[in-house]
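Pasting the structures in now, so scroll down.
Each of the next two complexes has chain A plus one more chain, namely chain B in the first and chain C in the second.
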Partner chain A sequence: MIDKKRIRNWILTAISLVLLFLLLGYLNKHASSYVIQILNVTAIYIILTTSYNLINGITGQFSLEPNAFVAIGAYTAALLTMTPQEKAMTFIIQPCISPLNHISIPFLPAILIGGVVTAILAFLMGIPVFRVRGDYLAIVTLGFGEIVRVFATNAIPITNGALGLKGLKQYTNIWWTWGTAVVVVFFIVGLVNSSYGRAMKAIREDEAAAQAMGINTFWHKMLAFVVAAFFEGVGGGLLAHLLTTIDPRLFTFFLTFNLLIMIVAGGLGSTTGAIIGAILFAWGSELLRWMEEPHVILGIHTPGIPGMRMVTFSILLILLMIFARNGIMGRKEFSWDGFLGFFSRRILRRA
Partner chain B sequence: MTLSTFIQQLINGFSLGSLYALIAIGYTMVYGIIRLINFAHGDVMMMSTYFAFFGYIIFRIPWYISFPIAMILTAVLGILIDRGAYKPVRNAPRISALITAIGVSFFLENFGIVVFGGRPKGFRIPKLFGHIFEVKGVTVPALSLWIPFFTAIFLVLTFYIVYRTRRGMAMRAISRDMDTTRIMGVDVDGIISFTFALGSFLAAAGGIMWAMKYPQINPLMGIIPGLKAFVAAVFGGIGNVVGAAIGGILLGIIEIMFVAFFPQLAGYRDAVAFFLLIGVLIFKPTGIMGEVLPE
Partner chain C sequence: MGAILKTEKIVMKFEGLTAINNLNLEVQEHQIFGLIGPNGAGKTTAFNVITGFLVPTEGKVYFRGEDITGLKPNHITKRGIARTFQNIKLFPEMSVIENVMTGFHIHRKFSFFEAMFRLPRFFKDESKMYHQGMELLELVGLTEFAHEQAGNLPYGHQRKLEIARALATDPVMLLLDEPAAGMNPQESSELMDLIRKLRDERNLTILLIEHDMKVVMGICERIKVLDHGEEIAEGTPEEIRNNPRVIEAYLGEARKVA
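Right, the complex of A and B next:
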């Protein structure tokens, strides 16, 4: 019986994935470029929220890193895919340092290396932070965001300073973004449902008790942080090759703040909630566009009547915390059993 | 580097550090009492500079009246933030309070952008503080001496309140054990609000002097000093008021000396505090004056 159910669930999942990609293929052909752009942003948000939720929601370690990690992934991937000619044209203040100036590799390895570099930095940051108990992760990651900005602005031979990197090829398309999003979601769901995931949740509930049960809290926190960092780095690489231009102003704290709203609104600790939050935010913030004329996509923010939406979002976040701490999903997850049960109950009630 | 420039940099570092110290005390007191990183603290400091700006420059009230008023208004703002945003989540999981603090911080910054405008505003220095002294080749702006002077006054006042009054005793008791203190009949919520008021008042003192030192203000000016002041608080031993003051002054001196000795790395100045924080977490997580806090 259990096996039958499992097979049924696999089939249902496979069917919905096929349907999702058929729908995306249809939209990719027929929808306007504006809608396609929002679809791409939605998928990148899903990559970022599910991984951000892993450290913040599942493991319960409050961290403020996404803007920094996305920036590192974006810069790494962009520097790797740019051709030597493009680099020579872009780096007008100081030439790009060797060997970076004559390296050019394909897109997929570039974004993967972006993820790996980000994960390594997360690991190095995790060593001092996870040794001490307390809330230092939040302040260290927040500070790290500032450091990344300082380096992106000042390390001109590597990052081209405030001018940023321009003229990247637009490798990222709807298949890359949604394909990656699906892989990330399946990986994270698998991780959360494994013994590692259960250990992470135990740390969230009571760190001292988890430690007493023999869970190595240091390594489990580190695992969550490094996995999240890897996917955030990959998301950054995708973002860079979607926008084709990156500069230090792109990766402000605004991005982290938006992701925080998404996972809180969706339900902190629920991967399903993180996905719902990402979708709602990507499309909802488009609806709120009337509050500010200029464009805001994933943290890029050109001035106009700036601040109004952010004032709204910050009030929203505070109100969510005070009155609706569980968000939409609480800590519940989507499951086919629950989904089918919901519908069969409805049908029964009607009959 | 000649001796006179060294002394000059030392004085600069000391005065910058005094400002970090004033801001760091608010962080450390709030963290000590309710274990909350008050991310909005730097932005509260920013608000104080706008209060002073409106009083002193727009309404042309003399500084010795408008600055204290600005500091009192900032203290009131601190109480409002505590009552409005933090008190409702006090019994919620820790992460909720931290998220709320981020929300408050982001709200103040963007409220500032919407209401005051994002463009920096010039801050005029009162004549008394505008002089520049020159003694034996050491040029020192009067402000660099006034800042440590005022800081010393406020620090003595704060130490007196925290270590010599009943209120201060209640604060220290709450930081040990909030529930037991409540059972002893202490008005815990009142004391917490008082802590926010005192911390915000000191941040306002630091903020107004900051605005005079770098004579312009903008709605995002509180972020970096806020972060650095938190580092100073950790450096000094989080929860320890004296430690925060020492940590702040040391951080200011370290930062200025970094720029003085490595002028070609001046752009990385803001990174100094971050690496100091990492170093403290590796080598002495309890800080200089820190005691091991009960978990």
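Right, the complex of A and C next:
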């Protein structure tokens, strides 16, 4: 009985994915490059929010790491794919250090190594932080973000300083971004719906009771943090090769802040919510872009106000915290059973 | 048959306050042992010391002959001591069955990689956890609530769920902190049957704290009485009932209330 349902759900998921990729293929051919860019950004946001939600929402450990981890993944992958010639041309203030200046590897291993490097740093950070209980994680990750920024700005032989890395090949396309997003969601949902996910949620709900269940809270927080870091690093690599230019200003705290808005809006602790939050943010912020542009409304000239988008988002976040603390999904998840149940009830009511 | 749990001269001090002073506890295998005493006597503190949530100021805890003093709570659970909490500590936003399945986590047979890639071993073990979890829910009589949120259960059911969840860790010994609190007479009589059943059918040793004298006198084979952190008596229910010091310090008061 349960197995039959599982097979049905898999078939439905497979069909949905085929439809999604057919749609993406169509858009990739016929949509404007502007729309394609937003689609790419949407998928990268999904990678980042579902990972971020794992540590922040599922495990309940308030962390502010994404901007730092995305930066590490982006720089690592970019430095690995750039050819020696490209490096020689880009590093104009000081030459790139050896052996980095000779290395050049393909895109896939480069973004995977970006993920691994990020995961290792997360692990090292986790050792002292998860030994103590309390909210040190937020402070340490916030500080780490600043360290990464200072490093990116000043370690010129490695990062090319404020000039950043330019002229990366645009390896990232719609197949890479959405393909990775689907794989990341697949992995994270698998983890969350397993015994490991229950252990993580148990830590969130009541840490002492989780310990009484024999759960090693240190290792499970670490697991959530390192897995999130790996995928955030991979997301960074994809982002770098989408934008083709990265510099320290790209990875300020605003990136983390935006991702926080997305997961809170979607419903902290819900992977479905993280995905919805990412989609709404990516498209919503484009809609709000016109607020920063000058307009003529009813014959009245309004000047463009730079920064209006951030103000609007902040206000939205505050309103959300006051009126809808649980976000769109709360802690609920999408399921085919729920989805089909919802529709069959509707049809029955009509009939 | 030797003592399965033994504490040796436990002292627990909290900045000036001595919550436990010189506690020597000896619980035999398969015994149902009661720990009673007035509010603030140090009973819960004793549980916290035994289960690793507190490190005693002085003294030792031995479980199956091994020194477990100062081990982390999760390690003590893995060695076979499970507990419930006086102030219920469920995972309120998780479902009832998920709460129980959390207890099986330490016995999982798959790695997190297998979960992420959803390999066969993951499905097999998950479905085993689910079915064993349902069996435990049946044992405590919560089958029909399996898919409800744990936090929405009435008080008495929450206490039963805590027991089911503790059993999922597959303990040798079970520590129950006021399991009958908030239960009506019918529920507490069912609870007594359950506790006896756990001892008889699952070979558990049970140490319990309880204020409900009917429960304590009804199921415990041996009882220790604490007052202000000091042991004031130990014996069979009959001996305790007739002990003048106990009547003065505790039972008298309990009777007045009752």
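Quick note on the criterion: the second predicted complex is superposed on the first by the 337 of 351 C-alpha atoms of A that agree within 3 Å, B and C clash if a C-alpha of one lies under 4 Å from a C-alpha of the other, contacts with A are read in each partner's own complex, and residues count from 1 in each chain.
Going forward, contacts are C-beta pairs under 8 Å (C-beta built on N, C-alpha and C of every residue); 3 or more make two chains touch, one makes a residue touch a chain.
None of these values were measured; they are calculated from a predicted model.
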Partner chain in contact with A:A208 - chain B first, chain C second, else both or neither: both
Chain B versus chain C as contact partner of A:F187, first or second or both or neither: second
First, second, both or neither for A:R325, with chain B first and chain C second: first
Touching partner for A:N216 - first (chain B), second (chain C), both, neither: second
Touched chain A residues, chain B compared with chain C: B
Touched partner set for A:F144, first chain B, second chain C, both or neither: first
Touched partner set for A:S195, first chain B, second chain C, both or neither: second
Common ground on chain A, meaning residues reached by chain C in one complex and by chain B in the other: 208
Chain A partner contacts - residues on chain C that touch it in the complex: 51, 53, 72-74, 77-78, 82-83, 85, 89-94, 98, 101-106, 108, 110, 112, 115-118, 122, 125-127, 129, 165-166, 168-169
Parts of chain A lying in touch with chain B, wherever the complex brings them together: 56, 60, 62, 64, 125, 127-129, 131-133, 135-136, 138-140, 142-144, 146-147, 150-151, 153-154, 208, 253, 257, 260, 264, 268, 303, 305-308, 310-311, 313-315, 317-318, 321-322, 325
Chain A - residues contacting chain C, complex: 2, 187-188, 190-191, 194-199, 201-202, 205-206, 208-217, 223, 227, 331
Complex interface listing, chain B residues touching chain A: 35, 37, 39, 85, 88-89, 92-96, 98-100, 102-104, 106-107, 109-111, 113-114, 118, 223-224, 227, 230-231, 234, 267-268, 270-271, 273-274, 277-278, 281-282, 285, 295
